[in-house]
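The chains carry the letters A, B, C and D, assigned in the order they are written, with residues numbered from 1 in each.
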Amino acid sequence: MIFGKSLYCSFIIIACFFTVATAQNEAVATVDSVGQILPQPPGNIIVADHKYDNGGIIDIAWDRSPDDPLGIDGYNIYRACGDGDFEIVAFVLPGGMESYSFIDDKVERGESYRYKISVISSGGESFSESSVSVRGDWEFFDLDKLNILILGIIVCGSVIGFIFTARAGRKLFIRKISGLEALEEAVGRATEMGRPILFIPGILDMDDVQTLAAITILARVSRIVADYDSKIEMPVSRSLVMTTARETIKNSYLAAGRPDAYYDDMVHYVTDEQFGYVAAVNGIMVRDKPATCLYLGAFFAESLILAETGNYIGAIQIAGTARPGQLPFFVAACDYTLIGEELFAASAYLSGDPKQLGSLKGQDVGKFVAMAAMIIGTLAVTVVSAWQFKFFGWLSDLMYSMFSTN
Amino acid sequence: MGFWEQFGIWLAALFTIGIISFLYKDNVLYKACEAIFVGVSAGYWFVVYYWDMLYKKFYQQVTDPVNPEWYPWLGVILGVLMLTRLSNKIGWLSRWPLAFVVGATAGLYMMVYFVSNAIVQIQGTIVPLAEGTAGDIIANILVAAGTFCGLIYFFFSKEHRGAFGGAAKIGIWFLMITFGASFGYTVMSRMSLMIGRIDFLFGRWLELIP
Amino acid sequence: MRREIPIAITFIVGLAYVIAYFIPHPPFNHFETWFTDWFVIIAAFAIWLGALNLLKISALKIAHKRSDWPFAALIIISFLVMISIGFIEGYRGIYADQPFQFRDPGTAFDWMYVNVYMPLSATMFALLAFFVASASYRAFRARNLEATLLLLAAFFVMLGRVPIGDIITSWLPYKYQMSQWAAWIMNVPNTAGQRAIMIGIALGLVSTSLRIILGLERSYLGGE
Amino acid sequence: MLKKELIVSALIAIAFLIAKFLLPKPIQFSRTVSVIIIILLALLFFFIFILTVKGKYIGRRVVFLLVGIALLLPFFMQFTLPLQISPEVRGAYDGLASLKGGSKVLASFDYDPASAPELQPMAEAFFKYCFDNDIKVIVMGLWPQGAQQANLAVEAAMEETPRYRDEIQYGEDWVNLGFQAGNEFVIVRMGESFKAMFPRDIVKNLPYDSIPVLKNVRNFSNIDYSINFSAGKPGTVEWVQVAVDRYNLNMAAGNTAVQAPMAYPYLKAKQLTGLMGGMSGGAEFEKITGKFGKATTYLLSQSFAHMVVIVLILIGNFAFFRERMRDK
């Protein structure tokens, strides 16, 4: 019994050795000399230069060997450079897929390569045909992303374009944003009541665009505050935000001609930890009873706690965030809420600076493009699919490819 | 169960009760828990930043025996510049790393959001409306119309009046339903978290839960 | 110079990311790697600022014997305990025969994490369950049409996402049961609303980022 | 004042100690007792309703107590709730079920223990399903604590099904690459090479190339399917934006309920194949995979809590409308 098994094994080993040794000869035998059935070779080998890379990658794909489902050991990938000999570059384990792919990233740019795939099973190894020769090329620009470049140029171009139009002195109309209209009134009320204004810039660091938006709004708000001779209080949860906010407020006071009224402790760091921070802010709210609370930036679970406490102390509350999950709490509990894009628009709006307003107009062009694309695309696709109206086929294809990302 | 494991469970139970006691009123136990929390969390992040960022991303890369990298040094220079904040005199130097952080954020987010949030979502709305059952068709039309009206609400350069104002109004309704859905899910999430704590307190600690 | 160099840095770094998106080969594809690593290294330095600030504030409280100074002392102690454990475990792990990481299961750091940090943070988070309930009772009112829509949507989603919703509506065919209503709200109006918000946010973000990269928006450097 | 506080604390401590050492364990209510409790709760709410309509709003603490009771008592009751599988969860399951043995799944654990009640049950069911169906799992984390949660999930699966301890080989059937700092940038760089981001695993500290399951895994193109358990940022949004949109990864997501609504547009735009939202998503996933766990147990409490919130909103609004009617 044992003797039989080892004999059987040695036959396989010899057979394997034999086939590997004669690998160059592309001789594909289905049955070898000792009656072992060789696996059927994989077929349909497709080799292509990896698109839009540095030239050092070649993609290889092949259909599985018909014996794959019956149990094989795997596939060997052989590569030959130019007219050279084939060498093993990789071994791929079977994965039960219909077709396999491999990315060879060890090729030289500008050289041509041929590939061959072999399948290995207990019956031995059998080889596919050699593939066509492919050169590893490099492309400068990723043409798959051309549509994104075009759309990007349209949107960014219109933003920049309107900024320049506005700079040239053309007057641009911007609708009222009620939450921001109320801002000045809210600051005024705080001044009348002799109570501070609380400014919370969210709980994320300077690496979030919402925090950046909040800081730009702070620049305008603190200017109003300086003009009204009111008081601003700003606990923050990030040290970077603290230093940035201090500089911002200092500048506003300088611009308002009241540098003497500024002091560093208007802005103070509490802790990075979300709930530790919220607990501290809650304490400040209950103790100092600010007349106006502004929550602008990136908020998470604390939105509810802040808005509820603010409600409880009877402050005017204006909130704004681009996090849809927190908006309901602000909408339900605050007097005014800036929703999503309005938060980003706020700084431009408040500045009244034509350049900044121009960028809002540019954003509207982006929205217009989006809406136009939605209408045209949807109609074209609907007409094509519902009435098989081929005439619009090109249009629906165009819309799809224009907004595809792969 | 070893001593440390048992002790840990008792400690965790104490902290859990300490925090929950805040619901009754602010008290000494809660204040102590909060202080420990602030200290431990600050320490936790300090250590994690040290090992995962300074050690892994800087030290290990520049001292790699096979191919040491040079570029992390530049990051360390920027990081040290950050610390100039501590000085009033040269604190302005910290604007350099800040400018780097802001620029990287702006550049990356610009592309990422433009592609995933704008382009892909616009592509997502381009679907044949008249396909499937009557319910599907209504749903398709509602999604398209809702997105459209929602975008109208965000238009800044036109007054919300007349038909345009009407569409903006419908847009805000869609937004409100969206917020309602978010609200519902948020409630769900918060309740789940409390369930997790109750399971710990009454299950793992008191062992009362089957 | 104090203003120009930062603006130049922002411009170059921002532009490099945009270019790297479209041109996928050296040197541009290295930028992402480099910038990522620099970014985290800067963050690792920045936390020193925060930690020092925290220690300073707490130390001042103790020095001035403010009313809650024992808690300030507790903050300092727990901070120091945590970082000592973290550093000891980290170095022990590096020089051990079987190298391990400071936070691997079985280390003292992991023990602190599981038995101190985690129960505290999870319970803090869980308190929101109670606040949500209290706010539901006192704050969430159907004051106008918008608020009514919000509450109705919340009502259907909350009921539909748990089996009770379907039990209440079990007399209806499955298609019209509560979970289906909730699914419909999520898939139709919620998707539309989320999409409008997402597209709007994307455009707002592109425009804000553009203003920052071009140096038109520089309040992060301290005002105009 | 302090004396009163001390007495209250002492009483609470004694109550807990009694519960710990003297009560019979575990406690289970029979069906009749459960029904009686539910009826009593309903009566209590009716009483609150009457009070509120009369203009006497109950205090915050009473509301807190009610919520606490509603969350706690269902743990001791024995009802099984009928559960329907939603198409979102089915989508996530179908993606997994269509994989053949030996397929490679990338699982990113982007949450911390605070969100574990919602996401851990999904993760456990996921591992159990993969282990039973010979699906290879490559674990990583964008949150520092995520990779630890994955270890806990595997440990829990092995505790429950001891045969896994023999059948499942670390390194061959699953691997934990650990946490890597850098948020979405990590995903960007994984698009080029996994190895550059994760030179070694974290459980046995083996070099990337020596791990059998990682053989031939260079980047996302060698991954058959992926799943992401996410509680915030970085998480599903980042994965979709980078891995799915740039590298065409097939992906399903398990999200906390707070996150889930934001993921729906991605689902609708087919950037995600499926979505499991919160505790109920987890329970559905447990049901469809047949790997029952905590989410199913928790669901009764969850249902009770939702009912409490809804009833409170209704009572509050009823009182609000009555006041408004009276004012007119």
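Quick note on the criterion: contacts are C-beta pairs under 8 Å (C-beta built on N, C-alpha and C of every residue); 3 or more make two chains touch, one makes a residue touch a chain.
All values reported here derive from a predicted model rather than from experimental measurement.
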| item | value |
| --- | --- |
| Contacts common to chain B and chain D (chain labels) | A, C |
| Label of the chain whose CA centroid is most distant from the centroid of chain A | D |
| Separation of chain A from chain B, taking each centre as the mean of its C-alpha atoms, in whole Å | 14 |
| Distance between the centres, which are taken as Cα means, of chain C and chain B, whole angstrom | 3 |
| Inter-centroid spacing, chain D versus chain A (mean Cα positions, whole Å) | 24 |
| Sequence positions of chain C contacting 2 or more other chains | 21, 29, 35, 37, 39-40, 43, 46-47, 49-50, 54, 101, 103, 113-114, 118, 121-122, 124-125, 128-130, 132, 134, 136, 140, 146-147, 150-151, 154-155, 158, 161-162, 186-187, 190-191, 193-195, 197-201, 203, 205-206, 208-210, 212, 220-221 |
| Set of chain D residues in contact with two or more other chains | 64, 67, 71, 114-116, 144, 181, 185, 245, 257-258, 261-262, 265, 268, 277-278, 280, 302, 305-306, 309 |
| Residue list for chain B, restricted to those that touch at least two other chains | 13, 23, 34, 37-38, 41-42, 45, 48, 52-53, 57, 85, 98, 101-102, 104-106, 108-109, 113-118, 120-125, 143-144, 147, 151, 154, 175-176, 178-183, 185-188, 190-191, 193-194, 196-197 |
| Chain contact topology (line, ring, star, complete or other) | complete |
| In the complex, chain C residues that touch chain A | 21-26, 29, 39, 43, 46-47, 49-50, 53-54, 57, 121, 124-125, 128, 131-132, 134-135, 139-140, 146-147, 150, 154, 193-194, 197, 199-201, 203-212, 214, 216-217, 219-224 |
| Complex contacts: residues of chain D adjacent to chain B | 5, 9, 12, 16, 19-20, 23, 25-28, 61, 64, 67, 71-72, 75-76, 114-118, 144, 179-181, 184-185, 237, 240-242, 245, 256-258, 260-262, 265, 268-271, 277-280, 294, 298, 301-302, 305-306, 309 |
| Touching residues on chain B, where the partner in the complex is chain C | 4, 7-9, 11-13, 15-16, 19-20, 22-23, 31-55, 57-58, 61, 71-72, 74-76, 78-80, 82-83, 85-86, 92, 95-111, 113-114, 116-118, 121-122, 124-125, 139, 142-147, 149-151, 153-154, 171-188, 190-191, 193-194, 196-197, 200 |
| Chain A to chain C touching residues, read off their complex | 52-55, 138, 140-142, 145, 148-149, 155-156, 159-160, 163, 205-207, 209, 212-213, 215-216, 218-219, 238-240, 242-244, 247-248, 250-252, 254-255, 269, 271-273, 275, 301, 304-305, 308, 311, 322, 324, 328-329, 331-333, 339-341, 343-345, 347-348, 355-356, 359-360, 362-363, 366-367, 370 |
| Interfacial residue positions of chain A with respect to chain B in the complex | 148, 151-152, 155, 172-175, 177, 206-209, 212, 239-240, 243-244, 271-273, 275-276, 279, 301, 324-325, 327-329, 331-332, 339-342, 345, 349, 360-361, 363-364, 366-367, 370-371, 373-375, 377-378, 381-382, 384-386, 396, 399-400, 403-405 |
